[in-house]
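Should a chain be cited, it is by its letter among A, B, C and D, assigned in written order, with residues numbered from 1 in that chain.
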Amino acid sequence: MTTAPRHIPDRLTSPAARALKSWETLLLVVAVTIFLLNAMASPYFLDPWNLSDASFNFTEKAMIAFAMAMLIVAGEIDLSVGAIIALASTAMGMAMSMGADMPMIVLVGLGTGLLCGAFNGALVAGLGLPSIVVTIGTMSLFRGISYIVLGDAAFTGYPASFAWFGQGYVWWVITVELVIFAIAALVFGLLLHRTSFGRTVYAIGNNATAARFSGIRVDRVRFILFLLTGVMSGVAAVCLTSRLGSTRPSIASGFELEVVTIVVLGGVSILGGSGTIPGVVLAAIVMGLVTFGLGLLNVPGIVMSIVVGALLIGVIAVPRLISKLRS
Amino acid sequence: ETVRIALVAKALGIGFFEAAAKGAEEAAAELGDVEIIYTGPTDTTAEGQIEVLNSLIAQRVDAIAVSANDTDALVPTLKRAMERGITVISWDSGVAPEGRQMHLNPSSAPLIGNTIIKLAADHLPDGGQVAVLSATSTSTNQNTWIAEMQKVMGDYPNIEVVATVYGDDLADKSYREAQGLMQSYPDLDAIIAPTSVGIVAAAQAVTDAGKVGQVNVTGLGLPSEMAGHVKSGASKSFAIWNPIDLGYSAAMIAHALATDAATAEPGATISIGRMGEVVLDENGEAAMADPFTYDASNIDEFSSIF
Amino acid sequence: MNSEQSAEAAPVLSLRGIVKTFPGVRALDGVQLDLFPGQVTALIGENGAGKSTIVKVLTGIYQPDEGQILLDGAAVGFPDAHSAQQAGVTAIHQETVLFDELTVAENIFIGHAPRTRWGLIDRRAMRERASEILRSIGASISPGARLRDLGIASRHLVAIARALSVDARVVIMDEPTAALSHKEIGELYDLVETLKRQGKAILFISHKFDEIFRIADRWTVFRDGAFVGEGRMEGTTEAELVRLMVGRRVDQIYPKRPAAIGPPVLTVAGYSHPTEFEDINFTLHAGEILGFYGLVGAGRSEVMQSLFGITRPSKGACRIAGKVRVLRTTAEAVEAGIVYVPEDRGRQGAVKGLPIFQNVTLPSLARTSRAGFLRLAEEFRLARDYTRRLDLRAASLDQDIALLSGGNQQKVVIAKWLATRPRVIILDEPTKGIDIGSKAAVHDFMSELAGQGLAVIMVSSEIPEVLGMSDRVIVMREGRIAGEFAGPTMTPENLVRAAVGIDRREVA
Amino acid sequence: MSILKSREAVLALAILALLILIAGRFPAFVTPANLARVLTDTSPLILLALGQMAVILTKCIDLSVAANLALCGMVAALMDGAGVPLVVILPAVIALGAGLGAVNGLLVWKLAIPSIVVTLGTMTIFRGTIFLLTNGAWINAHQLSDAFKALPRMVILGLPVMAWIAVGAVALIALAVARLPLGRALYAVGGNPHAAGYAGISVGRTQFAAFVLAGALAGLTGYLWVARYAVAYVDIARGFELDVVAACVIGGIAIAGGAGTVAGAVMGALFLGIIKNALPVVGISPFWQMAISGSAILIAIAVNTLARRDPGRIILKQAEART
């Protein structure tokens, strides 16, 4: 430790040194521990097919979580993602009932997600309204439109080829959703950590005014982030609708808070400005392992949610508590 | 070898399903060598139920008997269960035929549809206005019963169904919807709530509005929950089948199918122990028994049982 | 020097061997400080020397790692802001410490409001005492006004009133004149005199030597978190203090080198805004440094920000390098080659939370990245080259910018814009809060850039700086241009007259 | 003109316009008796919005209020079942609610975990605890004592006690916010946390106090809710936390903290409450209700935020003269 030095070292701190004490390492330890505990607790856990089935517990939510993570890093939030899924799924159902073929149905789903994202983005970036309240509003609006369209009816009878997204396998036990999840993780990881767009997202999350004063088109970036979240919700809508083989307006209710939980557990600061995609990937896997492991023991969902809630607080609290007690 | 039968509720904690679970345990005790796994999601969503089903499939249970939150959404998952050699039946609230081997109706849908309107009409000799307070708009059995009720409305020419509202099986929402009904239709004579949550909330709303005697609440409910309202007069009568019997029968059928003692095909007859037997129709559905009506004369007898 | 002290009255407050470390930085390394009743002690030091840190130690906001605070010779501890206040220590902090949604009176008394018998806040008493204090410092601000409706100078006066609302024996002022104009600075000096007469001990922190020599009785110098000396103002020269402060001699403070004035690069015609400025016309040439002088609040920053695409003018046009452009966003301004170093460094300049090098490259990402993908090595090189030129003091370039002292943050922000290789750079109060050594570095760099053909606009409220650095000066008053001066007419009197709006004849 | 600048006035006008609109289609809605009913129905929302307002003012958010309400309601019902008299139940559930709020507050204060994370976690934990308490079972009207159910319904001067409790809470909290140092501290802490520290106000302690208040109000509301609807189960008031936040936001409480008034929060709650109550009555298809209340929220926020737009600084003399 020195006084502020007159000569600045001619290199950056090595990334490896930083990784060692990072959040992601902690999560990895948690994930491995839970994996081992699960393997000990239930004889059914270490079955590739079961693990493959279990991946459905998190893949759709995680797809959205990647886009949501970027949004939260930028200091915004989208609570309407579950509602976007409902609306996109409803739109797909309408397209199907009007005789659209499989590619068209998928396009409609993605397009609806995009439009919903654009609507949120326009209100937040265009009119400058706070995103948390805008999306509380659009959460009712989007799902409300689904109710208007569907009422108490349901869309069923999607073409058999459509089932591929949510029920198909690419190779052996590797599901289509798992592949989409992996691709999304890669794309968003590169986007956030390796591109100048990602850098501007961090800048905005840390100080949006200064970012604007640095020549960054802050509102455009925000708008794009809402679009991305909308599209990823559309992708999740395709997967979920395909998996359920039907659409009802109540589809995906409560998704938003689970997605936010994954993002936060992944170490993304809810106040914006920091967080990583690998963290989100690990968090999604941890959540999937916890719910599946407890499910195998027939623990009721609500008790699982206690565990998830405790995990969420505990993973953040314990390191802070330890460092507090040390000093 | 123990036969493991999973009894999946729409959601945990609802009295009706807890009673059904009791019945299933009774069947298990009778059959011996049967383990009942009573489970379900925490809230009444299809996604939650699918997660539960996935973990049951992973445990390779022998049979799944499910009361579905969604007719269609469970189908792909249940199909996978059947592919992995698990016997799948639905009970109470059914799934589409391709997602199960057979469906056990608590009673026949036309009979229930007729019963609920008859319960209201019996106390309205001069006719009048009635409204329906349902559960969620996606609830299969509710919608079937209401549709069946509409079919027989011709038999009750003086009765007018003025509205159908949805309380989502939430006590407060049902309460507010019932209030809204009385507000919008000042001359309302009866509220039909074919759901155990809705009927209690509606009776409470009628009591609070001081309209006991003017608005009769009826429909399907549990005697234990309705006892007070029958005594106060808010509800003159209501009906229900015995959920213990229903759970018992579902477990019996699941066991029979899982052990190949019976096959699920149209026309097949399956024995359900003390409840006798059921016959499958061309859709693979069977009805357990007639709904039973409760009123001031018999409520005390049953309110302590379920 | 220390021997002189024995003859005097005992200090009210003394600090001995104070050490304060932050992760990676030893901000204070065993410093000492003595404050005497009825005397003003000036604390002098470069940016990051630890001045504000000592203020926070004295007011209970930071806890020292080591060392003693002695009040009347007895050791005390200030575990929180409240206990320091109780002990009679109050401060006007360097940053604004006020609340937009509360009224002026509530701002002054937050934390120690008078109460009624029932324990409720006594609003009447609070208002009365607030107007009393405001009157005593010559501020005509209504105690019931909401703070958000006040201008920056009034806010500062409220902060001063807040400090005075505590019955204090020690009053600390951390760069109190940085946000004040002329008139208010005069009143502040009077206030300091009054406090002195009341026997209060005053700690006065400033980078402006003229005011230090005007009001201080004693001085203490810190360098790099360490105590380097103290003494009486009498018989001390500016050069001596500067040498102690910087550790070397600083000769030329305004090293404006002559540069060839080139063709016009920026022409502004008829710029107007409904509430902020009207009819702004001027032309800026390559190689020129154009000074903008005015009192605080004259609207200079607003004009500059509209040139930078922050606010859109309602009327008027600007021509950049021969082309008429409408700048709707800052990104367009940067593309057109106009960049702006803001005055409000904390809010508009530094992206706290990002490392230094990322702050520097933020507007240059298009250049340092390839096909949208980042290249860290390029970024690091760019950041290193420019921060070196400005003599940045930091532990490492991947240190969070928030951990730098104010002056060093300013250097990063300037480096950020120079790295974009602009045509026109607008510097809004570029040396506000910057120490004398760094000031020279900034000025030197400015001259050099002008010499290379860059057009510079420098907004400043310091006359010596404006006169020393500019080829030409425009003075603004109340949102309009009040005069333009070049060559022999560039005199302090002319600038001040135009700024305050006094006609020559009236004065005469 | 200047009165229109106040957010509260705009909101009051909006509520009035809404009532006139409804009265046009359904005159019976605006009878005193029915308005009293709407007020009673909206009381839980008002009570929770008051607590949420305090929390939001300090730059935090409490997503666990609805779960807290449900847990306290269940405990109240269980106590009633065990024969505990109401005079004991009431303070007990308020204390329990405050205690749960204190858990949130402590995590925010002592460990500096962002409130949204803390309350997202405690939200699920509180709900899960209800399940563990009862194994998921419902407690129904017939299992609750009459005295327990009667209190919120008892009518005094034409208003049920439930509504009076809300009115009383509004008055008390309005006084506390305006005249207690702690009330002012809420604004200071949310408006400029950094500066609050300099003024000797502990940011963490103030946030803690806000959470305790929100928790206590949730506890009280828990009893009222269960007594009014005469049923307690795991899922009561699920999702209500977002209604509460929406009410605050409609009422002009700035989500970034430091700005907002008690009157605003109350009117935001009333606005939502009237819409929720009126839609079924006016005979709008139930399938349209969700979309309509969503649109109402969006319009309210848009109007509110745009009306509050910073006019910028006024430097020009003639511009100053115009205002």
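The criterion applied here is as follows: a residue touches a chain if its C-beta (ideal position, glycine included) is under 8 Å from a C-beta of that chain, and two chains touch if they have at least 3 such contacts.
Keep in mind it's a predicted model, so treat the numbers as computed, not measured.
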item: Touching both chain A and chain C (chains); value: D
item: Other chains in touch with both chain C and chain D; value: A
item: Whole-Å gap separating chain B and chain D, where each centre is the average of the chain's CA atoms; value: 36
item: Rounded Å distance, chain A centre to chain D centre (Cα mean); value: 29
item: Chain B and chain C: spacing of chain centres that average the CA atoms, whole Å; value: 74
item: Multi-partner residues of chain C (each touching 2 or more other chains); value: none
item: Chain B: positions in contact with at least two other chains; value: 12, 42-43, 137, 166
item: Multi-chain contact sites of chain A, meaning residues that touch two or more partners; value: 147, 151-152, 300, 302, 305
item: Each pair of chains that touches, named by its two labels; value: A-B, A-C, A-D, B-D, C-D
item: Chain A - residues contacting chain C, complex; value: 1-6, 8-13, 194-200, 202-203, 205-207, 209-217, 273-274
item: Footprint of chain D on chain A - complex, ascending; value: 79, 123, 127-130, 132-134, 136-145, 147-148, 150-152, 257, 260-261, 264, 269-271, 300, 302-303, 305-306, 308-310, 312-313, 316-317, 320-321, 324
item: Residues of chain C touching chain A in the complex; value: 21, 24-26, 29, 48, 224-226, 308, 310, 329-331, 333-334, 339-340, 342, 347-354, 357-358, 362-363, 365-366, 369, 372-374, 376, 380, 384, 387-388, 392-398, 405, 408, 416, 420
item: Complex contact set, residues of chain D against chain C; value: 175, 178-181, 184-185, 187-188, 191-192, 194-202, 258-259, 311-317, 319
item: Interface residues, chain B side, partner chain D - complex; value: 12-15, 18, 42-43, 137, 163, 165-166, 170-172, 175-177, 179-181, 183-184, 186, 200-201, 203-204, 208, 224-229, 303
